[in-house]
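For reference, chains read A, B, C, D, E and F in written order, and residue numbers begin at 1 within each chain.
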């Protein structure tokens, strides 16, 4: 019965990469906890880098310095 | 003081349907738990079908097979 | 495919009341959006009143004044 | 290690205001709980006013009456 | 910068199983999206079966019938 | 209308510290976005260190090494 919410920055993640995340997490929950894939729901939430902060700074700015 | 987050797939849900969800859940919380509607907040989060997985598969793909 | 997270204060909500919330929200999503109940997951999260604030104040303190 | 999710209505919040929220919450967690800013992640989620309800009503409608 | 929230039912999941979930999801995000493990935060939220509903029914009751 | 969810590790945070977080975040949202405190809800979610992972490792283990 797991529900998994994956928050990532909006960076042009492809449909195929999203599918890999969904199948990978579903398989992991089946292997580790014997959870039925039919009851495993996964949501990928993409957030703009202006709206994500780490270390008190927007990710947009953090990346400019690198 | 309830806060309710309703996650649904992005499928052209109308403004009127959203209003029905908001008033229905608010009324339910008042009836079952005597919660004041003024303190009940509801957020509807719409997620693209590429970003939602069930059974290890994107909802986009799952629907194509039906 | 809805997923609903209901946040309420921890106030001795009974098992029967939780069941009423679960069946009520599931039915509402079926009526308004034709969502299959088998794909509707609902989680009730109970939070201590020390951990919930409204108006800049803990609910624990807010209730004492009433 | 804090993770903070700030849900607000989508109202044209500027990049600078988002930065102020991110730096302000990060500083608060450092002052009150000695949390390292490097481990503090903050996400700002903006929600359309049609998708947010208070008092059983969409914020869009609530604001029209004012 | 991912943040992942894994919601599961409270079923006596061991510390080792939690570690397997944490390392597995972190590795997956590194492989698929090249996310730095140092910036990947994972929270496992365990919910009582009375507080989780599927198909309009508490998981507690659903399991009794099986 | 903000709703803020602050996730922290369960580390014996006092009632007073929780009050400081609640009043501090509420004030910040009023200063930066002119949000009415009466409509600002804040939830503090405390998570066991076995259930929080960073860098692919449980916080429980990470702290032992320090």
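We adopt the following convention: a contact is a pair of C-beta atoms (placed from the backbone, for glycine too) under 8 Å apart; a residue touches a chain by one contact, two chains touch by 3 or more.
Keep in mind that this is a model prediction, so the values were computed, not measured.
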Each chain counted as touching chain A and chain B at once: C, D
Any chain in contact with chain B as well as chain E: A, C, D, F
Label of the chain whose CA centroid is most distant from the centroid of chain A: C
Inter-copy rotation, chain B to chain C, in degrees (Cα atoms; steps of 5): 180
Matching chain pair for A-B (criterion: over half of the contact pairs shared, by residue number), options D-F, B-C or C-F: C-F
Comparison of D-F and B-F by number of C-beta pairs in contact, larger one: D-F
Intercentroid distance (Cα basis), chain E paired with chain A, Å: 13
Separation of mean Cα positions, chain F and chain A [Å, integer]: 21
CA centroid of chain D to CA centroid of chain E, Å: 25
For chain B, residues contacting two or more additional chains: 1, 3, 7, 21, 25, 41, 43, 52, 54
Touch-based graph of the chains, sorted into line, ring, star, complete or other: other
Touching chain combinations (by label order): A-B, A-C, A-D, A-E, B-C, B-D, B-F, C-E, C-F, D-E, D-F, E-F
Chain A - residues contacting chain B, complex: 15, 18-19, 21-23, 25-27, 37-38, 40-46
Of all residues in chain F, those that touch chain E in their complex: 7, 47, 50-58, 60-61
Of chain A, residues touching chain C in the complex: 1, 3, 41, 43
Contact footprint of chain E on chain A as seen in their complex: 1-9, 13, 17, 20-21, 24-25, 28-29, 32-33, 35, 39, 52, 54, 59
